[in-house]
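Quick heads-up: structures coming right below.
There are two complexes below, and they share chain A, which is joined by chain B in the first and by chain C in the second.
What follows is the complex of A and B.
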């Protein structure tokens, strides 16, 4: 259980990085609370795994320091950091039994055998493999193997943090749900700091108290699932979180008037756009009201996804998505209104506030 | 899955069957033919039944050669397998070192066997050989022409030099196929260097090691060219292995019957021992 401080960390895999483009991980400077459940969310290649490996010590950052509870561990090797990590693909020791696999991290740390036995049996119970304890681990299914990998991470209950690198990729959907709720329960029970890498937003949003969204080697936003949904601080967050993602429309901002193509929307504040080259308006599909009055729109397609309908349309020449309730009406001559409180203005992709 | 039977398939494998018949089955049958007959030349043959087999199995010369050969093979396996694993573990996994090491390792394997013999024959000579002369100059009594011990050491060192590379290359192939995540997980689990070897590397090398052991056993058990060139089976009979003895009998003495009987016994021994190795080494997979 530890507070993790990432102090101006940057990492480049190649030698002698010169331009920002050489960094797989651009500057990260954050503090993660003791006992928090954090999800690192982002597309492939955005630096999530690099950041995770820096925390676990498998990668030493090119620049910056990592502190656990205020102690600098940057140069400490993995085995001395008291970290558990679970990988994307199952890692099991083929020649050992399931029991020995789980006991391995404890025995390596010279935990008394009675204690080993107690903890291994707990974990076996939890991952539902008690009846397999004395079987060789080799012939198990991918699901079972990954459960053993998870178990090896959880068996040490004194770790500073447990890191998960997309651990549920190979698990089938039903089991995913079960394991995820077990992880959450364990987290509440033991209160360890948990960092969970994923590219699946549902997984991130249901699992974590704080979601860390990464894009192109940078942390673009850290927030609760609600914050990410309501106030995405970067157009990428808007687009990545939510299904379908936020509509981001190129817009010209003049004081409190925002013009998209031929339409102008009056805001009750003047966004602070400064000298930004690119200004955009973002609005989530859930906050566009489709009806008979407002701005004209041209509906191109309606997708029925069960409890909702997604209307694909063109607004002032730009494609937009609108979420309409299942029984919502779609008039022939449709018009839309944007919920003013749900509009975000982005200057060079970053959200700008209402303080003018 | 249900298999489809189609007798036309036999036509497709026929060419291979014909080739195997000519290259293996028919020569083997002629050996069987010789082994049950006696001849005094003139292409006249007399039925001898199992006499030759009885004679070979009661001949101390055969048992001595067999014993020497078994000791030789076991020594070779005991040196080459651990040494090969050790070298493979220490080879670089990436960078410029990889191709350099691989080429260096493959070099001994590219040399024709009789040339290997000649190299070591010259290398070990006391009068002009680099090794032999140096040892002599250092006051070490080394002469493979006269001392059986020196002859054995020369033949073993030569075989280790020649064939350890094969074990290295096989093990290396096994090692590079292990995903990084295994090593990372081992670090997280606090595994020692020995545990990493014992629980990750060795199990992953299991398959290739089986092949390495089988190949090295069969090859060393059939070794002929190199000791023939270096020691010619001497001094005395000290390095006369089964194959050398066999050639002496068949070509030197022209005892076709006993030589044929011995070939068959020799063949059966190799087959049996290879089967034993295979069964023992794969028994781990069968359970679990």
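What follows is the complex of A and C.
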């Protein structure tokens, strides 16, 4: 497995890009660890697929270099990059048996047959198709075919990286839970370098050690799922991670006092807002406490979604979402408190620190 | 009111829809929830008149419409794929059903602008669909369904091809849009969370059968059988086969916990119990009804706000959903607490024996 270096990469699909808007991928300059599990997450058009294609060699970046373990592979075609790929839709050989489909990448590389057998059986076990080993692939359901694609991506242990492009989209919701946790176990066991593109939040967060959040051609934050949840560095990350996303309220900051409409909240630090044009307060729906004391709020709607309730309300003239546990109480004349440790202040959309 | 009376559909001698009854009222949102191939699309096609039922009859406002073609019925459909006229502007796309029905210019203009406002498309009326995002394209298709002023609007996984944030926003808007119209809305989805967010009523489907129909949250909380409970669970439902004896549920004679009050009346003997992952926790809920169980951890998945801890209890695989971050190493024996107040119980044939209480005090 390999360390992946993205060295000042930019990419434009059109010729002669002049302004930053011409770049589908603005500057990306990062180093990804050997054995790391990275998820690329963002809305459609954010550049995540472009970045994956640059790593796989399907796209040569307009600028910059890509290195695997320090070796420049920028100009190498996909087949010479020693990577495994799993796509959204199954790519398998219908006329071969399930077993031979899985053995194919190994036999292609002249791996001794005893080793092939051992690895194929491991994978069959993992994707729960052991009893189907000798069946022709064409008879299988879409679900089963995708499991074989997944298995083929995982069968070699000498690849530089395994790239996944929305691999579980066609899988039944319940099977997703099984496959996802198996991928996770496998990653723990073998330490593959994995890059996983998805638009599914749960999938990205549960799979990855590090989530790469992209927005408008840029990486806005790389962090652990906990970091993205607790300290979103950009309001977009706050909004995009979490369901519902973070509440972002326009706020006037004066020293350590933050004013939203008619309400003022006193922080225990003075956020470093500099000469920012726009200042905002961010708080996740999970950290607004609904009770009988605190600041006034007008509840507009309560959505009972089973394991919790989402309260839609107006706070100081702005819509906010509040998450209340399943058995949680919603008083008639509800008031709110913001958990002080969960408040973030944003200056021109970027989170600013506690330092004075 | 749309009424399905003993409606069935067979193809090549095989049931796609088993004989089913269903009554949908005007001004309601009705979710069809089930996995792929459970019969959602087949049922919608029957409702729309795209397919003719093999048996039974379909009534609209008391009138038998069985066999009346879709063209002659006041039905609108929205599909998973965004279907718009690529050469027409958004305005003309929305206007198209009214042009066909020969509405006057002023009415068309008024209705298009009203629907565009409702679906936040006003700034894009002069654009063509392909220059818009997926969410905007699907909103255009929705707007067209709305202006048609159909009495029945069928939405077949309309948000499945959208990013989850867009889905979240549209899901929030949809009930408002539905409420503003007097039509019957039918919405197919594979995702339990989507049904819960939409609210309204839900019919769960499994292998061509409607297993239950009722208020969405009631079907979720009080499934009438195990199939419904499983269909309506994500993360997956946790299930355990036990024997009830002397006020306890026993598993392999080694593990036992007290039967909660709401299940006390069921007969001694084998029973299947089930519960949702958020009713299993690392710490007691602090109420009567916490059962301490010894499990072995398998893998932990962390979303940043929550953790899904997969565990093994006496050979049963469960998922525990905990708030916060709990990265527990695999293959470790730990104690967990089951909030038995929320347990569901099912008989050998899968029928619910006693429902979980509607709500804990």
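As a convention for this text, the second predicted complex is superposed on the first by the 344 of 356 C-alpha atoms of A that agree within 3 Å, B and C clash if a C-alpha of one lies under 4 Å from a C-alpha of the other, contacts with A are read in each partner's own complex, and residues count from 1 in each chain.
One rule holds for everything that comes next: a contact is a pair of C-beta atoms (placed from the backbone, for glycine too) under 8 Å apart; a residue touches a chain by one contact, two chains touch by 3 or more.
Because the structure is a prediction, the values reported are computed rather than measured.
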item	value
Which of chain B and chain C A:135 touches, first, second, both or neither	first
Touched partner set for A:56, first chain B, second chain C, both or neither	first
Chain B versus chain C as contact partner of A:341, first or second or both or neither	neither
First, second, both or neither for A:275, with chain B first and chain C second	neither
Greater chain A contact set [chain C / chain B]	C
Partner chain in contact with A:19 - chain B first, chain C second, else both or neither	neither
Contacts of A:91 with chain B and chain C, given as first, second, both or neither	first
Partner chain(s) touched by A:304 [first = chain B, second = chain C, both, neither]	second
Contacts of A:77 with chain B and chain C, given as first, second, both or neither	first
Touching partner for A:266 - first (chain B), second (chain C), both, neither	neither
Those residues of chain A which chain B touches in one complex and chain C touches in the other	none
Interface residues, chain A side, partner chain B - complex	53, 56-58, 77-79, 83-85, 87-89, 91, 93-96, 104-105, 108-109, 135-136, 138-139, 149, 152-153
Interfacial residue positions of chain A with respect to chain C in the complex	43-45, 172-174, 177, 180-181, 184-185, 188, 199-202, 205-207, 224-230, 239-245, 284, 286, 303-307, 326-327
Residues of chain B touching chain A in the complex	179, 181-182, 184-185, 187-192, 195, 199-200, 202-204, 284, 287-288
Parts of chain C lying in touch with chain A, wherever the complex brings them together	35-36, 133-134, 163-166, 168, 190-193, 196-197, 199, 217, 220-221, 230, 234-236, 276, 278, 298-299, 301-305, 308, 310, 319, 321, 325, 330, 359-360
